[in-house]
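See the structures that follow.
What follows is chain A paired twice: with chain B in the first complex and chain C in the second.
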Partner chain A sequence: MNTEKNKRSYKAQKVIDRMGQKLTRQMVGSLTACVHCGMCTDSCHYVLANPGDPTFAPAYKADKIRKLFKQHYDWTGKVFPKWVKAGSVYTDEELQELKDIVFGKCTNCRRCTVNCPMGVDLATFNRMARGLLCHVGIMPEGVEYVAKEQWEIGNQMGVLKEDYIETVEWQEEELQSEMEDPTAKIPIDKPDSNIVYVINPREIKHDPRSILDAAKIFYAAGEDYTMPSEGWDMTNFGLFNGDDELGGAVAGRVYDKVEELRGKKLVISECGHGYRSTRCEGPNWAKKDITFDAESSVITMLEYIKQGKIKVDKTKNPGSYTFHDSCNNARSCGLTEEPRELLSLVVEDFREMYPNRAENYCCTGGGGAMSMAEYRPSRLKSAKIKADQLAATGTKTVVTSCHNCVDGLTDLIGHYKLGMDVTQLVNLVANALVIDDIVEENKKKYAEKEEVSSGSAQ
Partner chain B sequence: MMEKKQIKSSTLSVIKADVTATEIDAFVFYARNDLKLGSGFGNAIALRGGPSIRKELENLGPLKVTEVVVTTAGNMKAKHIIHACGPKFQEENLEQKLKTTIINVLKAAEANGIESIAFPPMGAGFYGVPIDVSAKITIETIAEYLNKGSEIKDVIICANDTREYKALEPKLKDALKKAA
Partner chain C sequence: MSNLLHFSEHALQEVALILMATVYFLRIRWFMKWPLGKERQPATGLGDTNPKKGARYSLANIAMPWAMESTRSKPFMYAQFVVFHLGVVAAITLSFIIPYGPGLLKSSSLVALIQGLTGTACIVGFMRIIRRISNPYIRAISSPDDHFSLILLTSWFAFAFLAAPNDISGGEGFMLTYFLLTAFFLMYVPFSKISHYLYYPFTRTYLGRSFGRRGVFPIRRKPAYQRSI
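Let's look at the complex of A and B:
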């Protein structure tokens, strides 16, 4: 009889058992490589905002997970348990404490990783630890809420199919009116399209203007595209709560729909974690080879300008702008130059914030933090670092390429009374479009058609 | 996507559909023990069904695991909702409890004169029952029950996506072989 096992709560034992199934070679590398040099410490926004509190240090947080690995899955923990600080969890209370660390003290932003000489990727095993806890039902209430929405309704914000369709149709009417073209369409489920365009449910719920802006750009470019009626949510809460099954189910729904529609290219609207999940991690989670191209809408918009498919006028976006790199775009996907190139083409006054690109600080809403109300005070305290960065640019507007960052930045801008606006590239590109000639032509064309039809009716 | 089989005087089918949007006598909602609707399908029930369902639930809980209650379905296409408090998050004796929950749903359906009923793959997804386990238990339990003869005419299992459908469909064939 194993007395060690008998001392442990049912859930704690499940967590330990599950860890063995979830460890990957990459995680084991990160769990064993740390030499506790402390070089990552000051890279974390939580540490910088809480000087003197060692419990926010990346290596300290990592050790809370690492000790379990050492105790149960690493030979060093069996031979020198004290020396390597091996340890276990025994009670549900200890699991709750672990929850407050892995969800409440780290946004999985990976800034410590790019500053670690040993390549320790805390965010990867922090995500795993989140998944272990969720597996036994231990998670923040907001995480529970959002994960269940995405599992069952198919998107993170519980948007029902009828509401999605209605919102897209409403934006189609807006497009027709702005373009003076009653035949302008935002197609849904159009087979064999060049592009299948997938979005963040926040666009349906809080920001339908972004759907209209994208539609205007597609219209101006004469693009053959469609939005899908299902599998349209390119966000993926599985990246945040560590549930690979959810990750695979969500990404799989997107891929299945693109294949069903025989779309040639999947274009992912601006969202850091959505881009990372759908383009990079999704095929692994879904255990599927994707047969079509996938790209960020940032690349699509930039290519339209470069190929002369759309014309833009940067004087249409007056004022000063800075750019915030989403952690997932910049650190995990290397999407740093294209957004800047695009931004420079559509605004006159672009000023970098420092540090930037892969060294940029998290908006503090990363890793699903915006859904975890209980940690908001500590998140906003850590946001002082980002607030100082923003204020130092002296700009009026911060541009980002991520819906999640829009919410994180808006929250901290309000909290620190910075008086800045937040916007995305799609909004600036749409605003800079030179389309007056198209609209004028449409006006004439449809006025003539109306005259002809009213004449023939007489 | 649809696969349909006859079992005695009843049919058992697997389709790809939103269980809360089906036109049916009753659908099953995998409920919390406090009967709060919460998010996911609970949110769909609240939005599509209106406030009356929540009101009905106020006096019906809490439930123990495997217990079920029946309410009307407000403004939804279904007539009733069977709220089934199944096991969650790897709890002990999960498979047996899941089976009992499904049997209790079918008994409640018969007791309420419900002739057609839609199930989700029970416990799969958010509550962490692996889809293969859920598919096997959901289909085998229902097939066994119907094979004894039941007043329920049609049972459908609604897969939320292709991944779930692909797990459910072969289990339906297996279950029929066993029942034969």
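Let's look at the complex of A and C:
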């Protein structure tokens, strides 16, 4: 019998069946409510960078997922499929085409969401579609690789525990030398600490300076904190590949470790998707209500200055700066004001970029795009919008609160030869720290101790 | 008045309304059966908003063209949206006034108001048809339902405009067509994208609640902090 099901490949059938399990009422609303008005069209950086090509339009891309929903789960599509543009997928090739749309033509930045009069949230069901494809093994190679690392090794860059600890210890030595304090520590697994500080594995692999900078700030503030030996990766590829199980497992590791260490507060270093995953989506994926406070390190640093725990001197950061809002921070977590307030306290010349906050354009490296090498040319083409935005500020440095954005911005700045630097708030705050008196005191204290100990040795 | 016109104004409209209400009921029941995604995370943002405030802002978005870049940067499109939807309200209201309160149409200003609204909505409808066909972005996302719904509404506005004076001295043609179109419209709407307004309160509330909890709605465009330190 040549039934509809028999005509479909195994993977295509799986995708359709699983869709029914993944749909929430919020998603069904978004899949049903689009009126094809086109108001969202030019809110997307892909559209703006590819004039005349309607296949980049948010509603066009959404319809590639919507047609499956209409055909299989919405009765209007079952009764009049052609009339409402319902359709199905039959072959693995069609799934590959869908992959190129949901991974290669959308960074899940949610800019179209905040511009849709109907409240259609494409990014949310685009993520669901990514998850359906990943479930049957159809995804960009980089996504597969990174997700595997995070499942198996516990962090998305495959950093081994000994490498992590070695890097933290190396930064501890740097801290001791910079602070002239041989007893300065970056504690690991210290129970009952005020703060458990979790980071992005990129900091271990490519940017250990950020760990040192954070440690300097904690040191200057006299903070009682610790870094965990496990569950330290606050990034989460589950957000990008749409795998709620991975999302829940990764966030769960962090939460479990905080509970095991009896930490009072979880502080998440600067990373847009990490903050969103660990602070916002993680409890949903892990189906767990967190029992401790959690905040971005941006808020922690700002509070230190406001409470007088650290002193900063903005003249230590000369030059002109602009701020790039990470999509996840701004459009999914409302973290827009604190970074600006902090930035204005540590640099003299801060110039706003337009549009900004929840209306900012994606750095084009979002949604896991930096790990999808096959889409790099089209990503960089779409980055023209961000490049123009950056150039218009006339500044020399762009500041962001996201490691992913650092990479995305660095790539586009190089490509468009903008000659700008990219930095994060933690680097600027550490640089602006007024710590000369602490260092001088330490110098004296340890010199005296040395004298005493060498005297007693004689 | 002929029996056919009387039937179209009364029994046919009532049947169409009952059918529409039934399908709407089934649609909402179908929609509510989908599990509601739960949000467990503690609130983020500055603490000056919450799910309720976010939902209110989100629902009111439609009346705040300045709130979204898409409406802010296209005031002409927004004006078209307002006129078009006011035309729908006027044409629907007319279908109740003629059979149940024809005396109201003795007021020439009410007739002028209805004609003004349906007439301009009809013009907007034509503009939207042209846009849907000629704009490559809109054409690429349009379904047969999108085209048909737009043509249906635009023609309905035209006949509402002609029917508004409630004058059949020159023949019943316009009036009959208007009521037949209204009945068809009522029966077609629940199956078409025109029923979007049914989902609007849900989609906007869900988005608003989530964005309110996360401090995203109301959207900020000015600093919410004092550079005082």
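Heads up, the rule we're going with is that the second predicted complex is superposed on the first by the 456 of 458 C-alpha atoms of A that agree within 3 Å, B and C clash if a C-alpha of one lies under 4 Å from a C-alpha of the other, contacts with A are read in each partner's own complex, and residues count from 1 in each chain.
Simple rule for what comes next: a residue touches a chain if its C-beta (ideal position, glycine included) is under 8 Å from a C-beta of that chain, and two chains touch if they have at least 3 such contacts.
Computed from a prediction, not measured in an experiment: that's the story for all the values here.
In the model built by aligning both structures on chain A, chain B fits alongside chain C without clashing.
In the superposed model, A:30 makes contact with chain C only, not with chain B.
Judged by the touch definition given at the top, the superposed model places A:256 against chain B, while chain C stays out of reach. Once chain A of one complex is fitted onto chain A of the other, the partner contacts of A:331 are limited to chain C, with no touch recorded for chain B. Contacts of A:283 after superposition on the shared chain: chain C is touched, whereas chain B is not.
In the superposed model, more residues of chain A are touched by C than by the other of chain B and chain C. When the two structures are aligned on the shared chain, A:248 is found in touch with chain B, with no touch to chain C.
When the two structures are aligned on the shared chain, A:161 is found in touch with chain B, with no touch to chain C. In the superposition on chain A, A:153 contacts chain B only, with no contact to chain C. Aligning both complexes on chain A leaves chain B and chain C separated at their closest CA atoms by 19 Å. Across the complex, chain A meets chain B through its residues 10-11, 14, 134-137, 144-149, 151-154, 158, 160-161, 231, 245-246, 248-249, 252-253, 256, 286. Here chain B touches chain A in the complex through residues 18, 21, 38-44, 47-48, 88-90, 92, 120, 125-126, 128, 130-131, 160-163, going by the rule given at the top. The touching residues of chain C, counted against chain A in their complex, run 30-32, 34-42, 44-46, 49, 58, 61-62, 68-71, 74, 77, 81, 135-146, 148, 191-193, 196, 199-200, 202-204, 206-208, 210-211, 214-216, 219-221, 223-225, 227, 229.
Across the complex, chain C is touched by residues 23-30, 32-36, 38-43, 47, 52, 54-55, 57, 59-60, 63, 75-76, 79-80, 82-85, 113-121, 279-284, 287-290, 293-294, 305-306, 330-338, 340-341, 344-345, 355-359 of chain A.
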